[in-house]
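Since the structure comes first, as structure tokens, the remarks are kept for the end.
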Amino acid sequence: MAAAACGGSDSTTTGSSAGASSAPAAAKIKVGLAYDIGGRGDGSFNDAAAAGLDKAVSELGVDKKELEATQGETDAQKEERLRLLATGGYNPVVAVGFAYSASVAKVAKEFPDTKFAIVDDDAATGANITNLLFAEEQGSFLVGVAAALKSTKGNIGFVGGVDVPLIHKFEAGYEAGAKAVKPDIKIQTKYLSQPPDFSGFGDPAKGKTAAQGMYDAGADVVYQAAGGSGGGVFEAAKAAGAMAIGVDSDQAALPAYDKVKDVIITSMLKKVDVAVFDFLKNYSAGTVKGGPTRYDLKAGGVDYSTTGGKIDDIKSKIDDYKQKIISGEITVPST
Amino acid sequence: MSSFLDRVFGRVKLGGWLAVAAPLIAVVFAVLITSAVLLAAGKAPVEAFTTLADYGTQPRTMALILNTSIGYYISALAVAIGFRMNLFNIGVDGQYRLAAVVAAGLGGAAVLPGVLNIILVVVCAMVVGALWAAIAGVLKVRRGVSEVISTIMLNAIATGIGSWLVSNYFGVLTGNDLGTRPIPDDAHVPGIPLIAGTSQLVNGFLVLAVVLGIAYWVVLNRTRFGFDLRATGKSESAAVASGISVKKMVVATMIMSGAVAGLSGMPELLGQSYKYSNNFPTGLGFTGIAIALLGRNNPVGMAIGALLWGFLDSSSDALQLLDISKEIVSIMQGVIVLSVIVAYELVHRYRVVAEQRRVSRQLAAPSEPEGAAA
Amino acid sequence: MKILYGMQRPDEGEIRINGSAAGFHTPADAIAAGIGMVHQHFMLADNLTVLENVVLGSEPRRGGIALDFAAARSRIKEISDAYGLGIQPDVAVEDLGVGDRQRVEILKVLYRGARILILDEPTAVLVPHEVDELFDNLRGLVSQGLTILFISHKLDEVLRVADAITVIRRGTTVATVDPKEVTARRLAELMVGSELPSPETRESTVTDVVALSVRDLTVRTPDGRAVVDGVSFDIHKGEVLGIAGVEGNGQAELVEAIMGMRPCTVASMTLDGTDIASWSTLRRRADGIGYIPEDRHRHGLLLESPLWENRILGHQTRRPNIKGIWIDRAGARADTRRIVEEYDVRTPGIDVDAAALSGGNQQKLIVGREMSGDPVLLIASHPTRGVDVGAQAAIWDHLRTARAAGLAVLLISADLDELIGLSDSLKVILRGRIVADVDPANVTPEQLGSAMTGAGEGA
């Protein structure tokens, strides 16, 4: 395959962007996927990417190779991971998470014939880089509406994993949605850790403590955007006999959360799996485009789940808001 | 007699071939344990190790290992300065991160041009690291707070302050990543084309790391300050009786350790990422502790330890390509540290007995019994 | 003693208990054989009650798990009454006085079924009337058929309480005597091993230049108790001032206060006429105080460092060890060789660790080090403790020579003969106070001993 020799860097010849993927038809496609910290099995974000990849393996018949990140590593180590995949003949290469931003930008230049995709980042640009972006605030708006409608106390909570801009989008949308329903609603907010400490995405105990505090302080619905820490939020909800809202995947349907599924009234769906699968499908069809692809409500990239039937009574109201957002009548703030 | 801890933290030295024997035994032992784990997981150890060796000897990888090791080494030096006098500076992690935030903020503001900016950033990092560490030193001296506790707390506080500074003062949003304003190009520390066969440059801070290693050795072994420091580490009571002001030494040592800790984030900041963002590497301080233990606070030993660590860290991807879980690397690192401690203890006991025998043999007289108290 | 209690194993020989041989590997074996040890330093947990301390480690069980405190309490009362110890089981140990604590220790070993008691320097921490009480208790125990091994270096006490005396010197039995037929002087000679030094043959080298002058020195513990209480003295050049006292009466604190290692209040403290009260330890040392510490392993040496580095310790401001901020390795090593030579330190070289030397050679190294750099004053705390005979004589010689050369020496020792033999004047310290001045020329160890315990009239 087309691996440039290591060291053939700085060549900026990029070839034509669209439809120029060198030889997808001839050999079997080898997909390289680099996870963020947590990797496959985090029950959240990385798992969603993995689901998209698995779907591509079974439906498109691609080969896969997955590499995981280590806590606290440097950009150089991330670059090297991508480089290893690219030199190993893996094309396309998918990087999961904005942490790969700088690394993708750099390595994509070194391997102009390899297609790269990066999830959640629009800073890395290049003809062979596809940015898979999501309108998290729009999906969060809808679960905010659900929270406000379901809350009897007029008091709801938001637990963010790590205090980073990406999670701020979840918070902003959620708040806007809740206020759209009840302008005077009380919203408690808590982030589990401060960057560069990313433990807030993988510490259920912290999530539990934070949510407990919110329920004790009068909240009856808590929305978590906290990756692996979310399980703790659900446990706290169960203990308090209150409600919780999941994130990324349809968490009420996940076997991992089987014991707490009855407190999960809905989940904000961020369909990383769809985005990854679409990208791989386009690649195999030779129609990959560089640049950003935005997955919003309109494109079905974000949504809310109804598993468990806990919000069937208010579904029509939520769908009203959904239509308004799609039509542009409501613009959801992202900060 | 030295305590077990004295030996663990390398305040007791071993001479000659024994100093080499212990780490060798440890590495061999670690390889054996890792092989057992690999076999249990149904993987072929030989394949794994040949892949590692293969990967580690490519020129490009060697350059990368070297780059990773530079930060590790400086961090290990910072830890070792404390260890040599019985101070457990667990706070290297917080010190380098806080230093890096402030220095990156200052560097990004580009108040001075070019090389002057580099110097400003480096000095600023040293000062911030030193001040942050000094807090723990002063608390220990004034209030008797164990530096272990205070530095752990200060780590958490440093994370908070760093994050607050970035989000409120220095922060620039790039995509989803919040970081300081990048340091301008004229203040980047250039790489060195040290390793033939690859275009991957070696971080220019390699020079600083080598200089620091030499300075560490000279200060500790050739100056009065170093003597006082080592004496305090070996026996605080004897140091007090000899007139060393242990309190002053505690504060001075914490300041030195913190200043070096502040430097350990610089290779990444000025030679790689040029900004402090959510992506800035964490945990360097804890890696430093492991390497200081591994290298027994010896400047050469720690250099080898840092290279070994850098090699293992960068090899995790190569192993994953063989479908071997990256956690095997952590297992190997843990086993190496543990085996080094055990091996040194064994070798130490052997040496004590051997030396006492040698002395009594050379004196060619029956060893005189120490008069027992009445 | 440690061997008897199973803490150390003998190289040869055997132990017989009631006629049958016994070998101990651990203290547990010794306890099982009916041997109990009362340590000089109490091994009690302050915040537990007497009852809890006594049962600690041999808790009575009921049904395998539950602690049977009732049974333990009644047994303690029983033992206490039987031997007249007068102990209340439910008092917290921290509320007890020293004498009571010692009785708790005794009760502890009796509780474990000991028939042979080893008492290691039991009177060192007691005041005279407590000593009397202890002796009454001991006689009570003996009358009940128990055996007591009483280890002490206080001759009068041994003579008072013992039924048979065995004198041990440097690990060998010197003699076994009957207390009714032996005098204190004869006992002292047996302990020292030779004719006692005869001070009167020495020429006095005392000058009238004061080297160290101390007025009203007081050291308090953190809780405000005075451990050194208003001590004043002068030491002249060429004079050896001995401080006699039972250990733990403030000598260590006095020395540390003079060295600047311990905070104290003092009306004036001058060295060679200069006020040194506010100086740091380092400055005091640099300006001419040499220091032979009581515990050479803790305060005198870096055991795991080579001899030449130990030469620098305490002298790290001065030539030949230091040039500016640098260590002068060549200078320090050369001077270490000189010390090894002049003071006859038996070592294969100056690069071996201090730990590898015998106690006597370690001490000779320290003496040599502290004598270098022409000190004005030498503080010698137990300078010959735990050293062999040859080294002891050598150290004494060095002290005498230096004294003749005009050195002032403050000598602290538990060895009464050493004190009497070396000192030009003697002061007795008791509970932190100087209680008597004694002329070493006409005092016997017995008189000095009784002055030290506050019993006698103080010569």
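In this document, chain identifiers A, B and C correspond to the written order of the chains, with residue numbering beginning at 1 in each.
Operating definition for what follows: a contact is a pair of C-beta atoms (placed from the backbone, for glycine too) under 8 Å apart; a residue touches a chain by one contact, two chains touch by 3 or more.
Which chain is which protein? Per UniProt: B = ABC transporter permease; C = Sugar ABC transporter ATP-binding protein.
Small disclaimer: the values here were computed from a predicted structure and weren't measured.
Undergrad: Measuring from the mean of all protein Cα atoms shown, which chain centre lies nearest?
TA: Chain B is the most central one.
Undergrad: Tell me which chain's centre, taken as the mean of its C-alpha atoms, is farthest from chain C.
TA: Farthest from chain C by mean C-alpha position: A.
Undergrad: With centres defined as the mean C-alpha position, give me the chain A-chain B (ABC transporter permease) separation in Å.
TA: Taking the average C-alpha coordinate of chain A and of chain B (ABC transporter permease), the gap between them is 36 Å.
Undergrad: How many angstrom lie between the CA centroids of chain B (ABC transporter permease) and chain C, rounded to a whole number?
TA: 44
Undergrad: How many angstrom lie between the CA centroids of chain A and chain C, rounded to a whole number?
TA: The separation of the two C-alpha centroids amounts to 73 Å.
Undergrad: Over in the complex, which chain C residues touch chain B (ABC transporter permease)? Could you list them?
TA: 151-153, 168, 170-171, 191, 259-261, 280-286, 291, 293, 295, 297-305, 309, 312-317, 322, 325-327, 329, 346-348, 352-353, 355-360, 385-388
Undergrad: Okay, in this complex, where on chain A does chain B (ABC transporter permease) touch?
TA: 6-7, 9, 65-68, 70-77, 80-81, 84, 88, 98-99, 101-102, 120-124, 162-166, 193-198
Undergrad: Tell me, which parts of chain B (ABC transporter permease) touch chain C in their complex?
TA: Counting only chain B (ABC transporter permease), the residues touching chain C are 1-2, 6, 11-13, 221-228, 230-231, 234-235, 237-238, 240-245, 352, 355-356, 358-359, 362-363, 365, 367-374.
Undergrad: If you look only at chain B (ABC transporter permease), which of its residues touch chain A in the complex?
TA: For chain B (ABC transporter permease) paired with chain A, touching residues are 60, 64, 67-68, 71, 97, 159-160, 162-164, 166-167, 173-178, 198-200, 268, 272-273, 278-284, 313-314, 316-318, 320-321, 326.
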